[in-house]
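Order of writing sets the labels: A, B, C and D. Residues in every chain begin at 1.
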Amino acid sequence: MEKKSLIIGVIGADVHAVGNQILYFAFREAGYEVINLGVTVSQEEFIEAAIESKADAILVSSLYGHGELDCQGLRDKCNEAGLKDILLYVGGNIVVGKQPFDEVKQRFVNMGFNRVFAPGTSPETTIAALKEDLYGEK
Amino acid sequence: MEKKSLIIGVIGADVHAVGNQILYFAFREAGYEVINLGVTVSQEEFIEAAIESKADAILVSSLYGHGELDCQGLRDKCNEAGLKDILLYVGGNIVVGKQPFDEVKQRFVNMGFNRVFAPGTSPETTIAALKEDLYGEK
Amino acid sequence: MQLRNKKWSEQEFFDTREEILKTWPTGAEVDLDEAIAYQKAIPEEKRFSAKLNKAVKNKTTLIQPRAGVALIDAHIELLRFLETEGGADLLPSTIDSYTRLNRYSDAEHGIAESLAQGKSMLNGFPGVNHGVKGCRKVTESVKSPVQVRHGTPDARLLCEITLAGGFTSFEGGGISYNIPYAKNVPMEHTMLTWQYVDRLTGLYEERGVSINREPFGPLTGTLVPPSISNAVAVIEALMAAEQGVKNVTVGYGQCGNLIQDVAAIHSLREMTNEYLEKFGYKDCDVSTVLHQWMGGFPQDEAKAFGVICWGSAVAALAKATKVIVKTPHEALGVPTKEANAAGLRATKQVISMLADQELAREKNLNFEIEMINQETRAILDRTLQLGDGDIAVGTVRAFEAGVIDVPFAPSKFNAGKMLPARDNSGAVRFLNIGNLPFSKEIVDFHQGKLKDRGSAEGREVSFQMVVDDIYAISKGQLVGRPAHE
Amino acid sequence: MQLRNKKWSEQEFFDTREEILKTWPTGAEVDLDEAIAYQKAIPEEKRFSAKLNKAVKNKTTLIQPRAGVALIDAHIELLRFLETEGGADLLPSTIDSYTRLNRYSDAEHGIAESLAQGKSMLNGFPGVNHGVKGCRKVTESVKSPVQVRHGTPDARLLCEITLAGGFTSFEGGGISYNIPYAKNVPMEHTMLTWQYVDRLTGLYEERGVSINREPFGPLTGTLVPPSISNAVAVIEALMAAEQGVKNVTVGYGQCGNLIQDVAAIHSLREMTNEYLEKFGYKDCDVSTVLHQWMGGFPQDEAKAFGVICWGSAVAALAKATKVIVKTPHEALGVPTKEANAAGLRATKQVISMLADQELAREKNLNFEIEMINQETRAILDRTLQLGDGDIAVGTVRAFEAGVIDVPFAPSKFNAGKMLPARDNSGAVRFLNIGNLPFSKEIVDFHQGKLKDRGSAEGREVSFQMVVDDIYAISKGQLVGRPAHE
């Protein structure tokens, strides 16, 4: 199977680095090419990196609560940059406070994310989702 | 002021002795004549003691949850025994489980208790109530 | 029958048994041979003693709730919930208060009222009324071992029915289920009724069915000095062993001072083994249980979690074999299943974070262990003396003499002369020694500790201190300090 | 300006100041003389340093939450709630993440969105945007001292505005608010920006207004070995003292092993005093703070209470001057005020039950203290050497060289070569020593401890252990054991 490539990073002014380092480790272990942009990544940096490396997916982390502000418009910018069908995931603690996850999910789906993950999602879950979306395997 | 006298005891099959011992100590300190029947006191024992000592009030404790079963009919029995206007208080953890206290109170008022006290009521509160009901002082 | 600490003969046992089984219709359901066969088919992982022995070996601390409601189906739902949502390792069936006083027709009334009102009107599970079949339905519906927890001076019928009903552990003892749980029951009586329970357990044991027995450690749950409750636990262990019991869990109710509590668990283990050995009971497995604070709780749930978690930490640091878990509803009433499970999960979190930590046996801890050992031996040895070498007879006389004396007990057969109070670091000491058989050295130690507290608080040592200590934890403190500005 | 650990001249300070106050319109509101007069009128009981000094003297442990929302009125409501319903002794204003990165127009947008949506869209209180008046409204509305808590590499304007706004304590430092909170900010830069903050604090101090300063102890909050965070705290205390700060609270984030955590607090206190003395800062009051577990939390609220309460117990047993309190919502998001108050009440209950207890300095504890002392001195002394005696210069070089190395830090100016892992009893040790300047003895000690764990778990010491340890507490353990049947 050809090696798919992923862009990962923590969006906005967010510096939560631990989960990011673990995802980097876990996705490589799972056989992916991973470009890790680290923390405090802007929308533009995600897009540039995706174009440059012909990435198959962008996995946005947001932990600190401003995810809803930071993620607005990312799908449009991807479209404008020609990344039309790129897979967009978001996960972490993506809104401020404890909110019913169904509603949160809907808001991010409306923003154009293909999948939205709840707080504390384990790498195994994400890897399974990627397998399904990128290789069509269940 | 003449010394008023109180009957205290823990009703039914209830053996919670600590609060009872403290109330005994506190009511005497507050200047009352106190007849302490201890734990596992039947309705009949409360009434006999009240008649014998011409008590002004019966203070029923129930901690263990069966208060609702144990207290049924006490007012009627008092009436039958000629203790028509005797003051009846009940306190402790008088029902099974954590229930809205307003409803609990109403049920015990309906059973004929003059005052119904919530879990953890301090002796000071009870003493203030007694003062009001027995000496008309606020 | 004359009380003495001597294994009952077959005759004595079966004569009594005939009477006991007649005291309520469900007694007729018990067939001992069938019951033993039934128990033998219970798998190892559902057997209390096996799970405890494994925990002792691995130095793990198991968690167990209290729980019981009036109706069978609701009770099963409750236990399953505590198993799956609470992560309970061991399950209880807490028996209602009418059953505890053998008032089975009141219990029947409570069952009827519960059916009528659609909620439990009893504060526990009326095991006798539900009978062998009802009990089996319960024990078969869960994955974990189930224990009978109660407070019954005369638990003979309850024991017959529940052991036949698949329970693999039975709590209580002739002292611990009398003095804190009754007003008018003579000590001779409960020593005898509990010999019956122990003998019945011994019978199962002899026929290859291991049943765990657990003296109730905390007694009145309120400022009981460790040496008092430990002495009681050792006596009940000796009584049980004589009747053929081979698996005993001795218990202790947390007092609140870390060093004293850990010391109490160590001393409890040591003294129980020492005396079992001394009297030649060599093949009895001993495990320990710490009860999270058994006195008055704070009403606020967050604060209650504080009390629960601190108890959990102490259990783990003492490496108690199990811990009995309180709930955030403790001060208010019998907990909902959700509150009960929450108490369990908080406990499990603390226990497992501390699984690999232990309070090392350094100077301070060893000192407290030694103090408790000395006091416990003093009580036990005087009790034996009073009984001319017979611990059963001695116990009855020790209670008469106040040589064993439980604070705040409802029983009129308890002297009630001893008064406990906390010292300046919260350890429970003797404010009034009563008739406890302690050396001048021990007495001076305790009085000194309380004088220190008195001078720290600028007040005389008095009953007011005791009152303050009784309220302290529910008001968010350990030591009941005088109110100040 | 050239970095060195030397008190800034008036000229240096005021030249910089002019620029700083221009970086956002609210800067114009600050008038230093007026601000000092304003601060002088703040009563003693609302002053951080006074309350801390009293707690140090009485050996009590104060409790403090984290809390901040976008809008002033909601923020006041929140703080009042934490004061009355939570019983907080000390209050915070946690600053939002845009402000922390000086992105004041993003913060303005967040305020607008919050107004529009009727809920806080910012993860904290945007103190700069609300300006001096807004801050005063907050500090005047509560009874307790209020501190600015944040994570801002360049907090010069924030400090100007909030001190003028009546806050009496300011958290952070040139290392602790850079390495864990930024990716691209050079160490020289933050050492200088924080000299400004310290100098400003020193100015208030010289004019008779005592302001507390608190280096941020936990750093990345994830398996930071005590000697690393303690060394950072000592450096920031020295830097602050040089600029005239007289009241410092040094901090530490709970790791989870009781002995190591208590040892870390003792060592932190001792080392800070030792180095302050060594460099001749004689009149600086030192207090300590323990942060309840700063890494990933369990999602379940009951389990979160378990983590919170265990942290509280450790703070009390170590006699930390204050404890920073987590909430049962920690794993999920910024807590509601109710959840925040619940965390406080649980903490208070544990703290006050343990008020009169302390972990005695016996052998095991002394050993861990000595280990941490040795490691901390090794780091500090090499850092000083690298700076030719100047701790500021040395710090920049120490980070370049990996002589100070913070695990899991986002900053590219951190070496990231050291790797921590838990030993078999949960203490945090060095799995990979990186370039830390430790003697062979120290290195061997750590490797030995990890080898012991490896053999207990039957696996090689590896990065997988670290990953397991990172998840452990959120999964209900302390040591991340390999998954087994």
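In this text, contacts are C-beta pairs under 8 Å (C-beta built on N, C-alpha and C of every residue); 3 or more make two chains touch, one makes a residue touch a chain.
These figures come from a predicted structure and were not determined experimentally.
Chemist: Round to the nearest whole Å and give the separation of the Cα centres of chain C and chain D.
Modeler: Taking the average C-alpha coordinate of chain C and of chain D, the gap between them is 45 Å.
Chemist: Just give me the whole-number Å value for how far the CA centre of chain A lies from that of chain D.
Modeler: 30
Chemist: Using CA atom averages as chain centres, what separation in Å is found between chain A and chain C?
Modeler: Going by mean C-alpha positions, chain A sits 54 Å from chain C.
Chemist: Report the topology of the inter-chain touch graph, choosing from line, ring, star, complete and other.
Modeler: Looks like a simple chain-to-chain line, open at both ends.
Chemist: Going by the touch definition at the top, which pairs of chains touch each other?
Modeler: Pairs of chains that touch one another: A-D, B-C, C-D.
Chemist: Quick one: in the complex, what on chain D touches chain A?
Modeler: 97-98, 100-101, 103, 106, 109-110, 113, 119-123, 151, 180-184, 220, 222, 295-296, 299, 329, 331-336, 339, 408-410, 463, 467, 470, 474
Chemist: Taking the complex as given, what residues does chain D use to touch chain C?
Modeler: Listed in rising order, the residues of chain D that touch chain C are 256-259, 298, 300-303, 305-310, 312-313, 317, 341-350, 352-357, 360, 362-364, 424-426, 473, 476-479.
Chemist: Where on chain B is chain C touching in the complex?
Modeler: So the residues of chain B touching chain C come out as 12-18, 21-22, 25, 38-40, 64-66, 68-69, 93, 95-99, 119-120.
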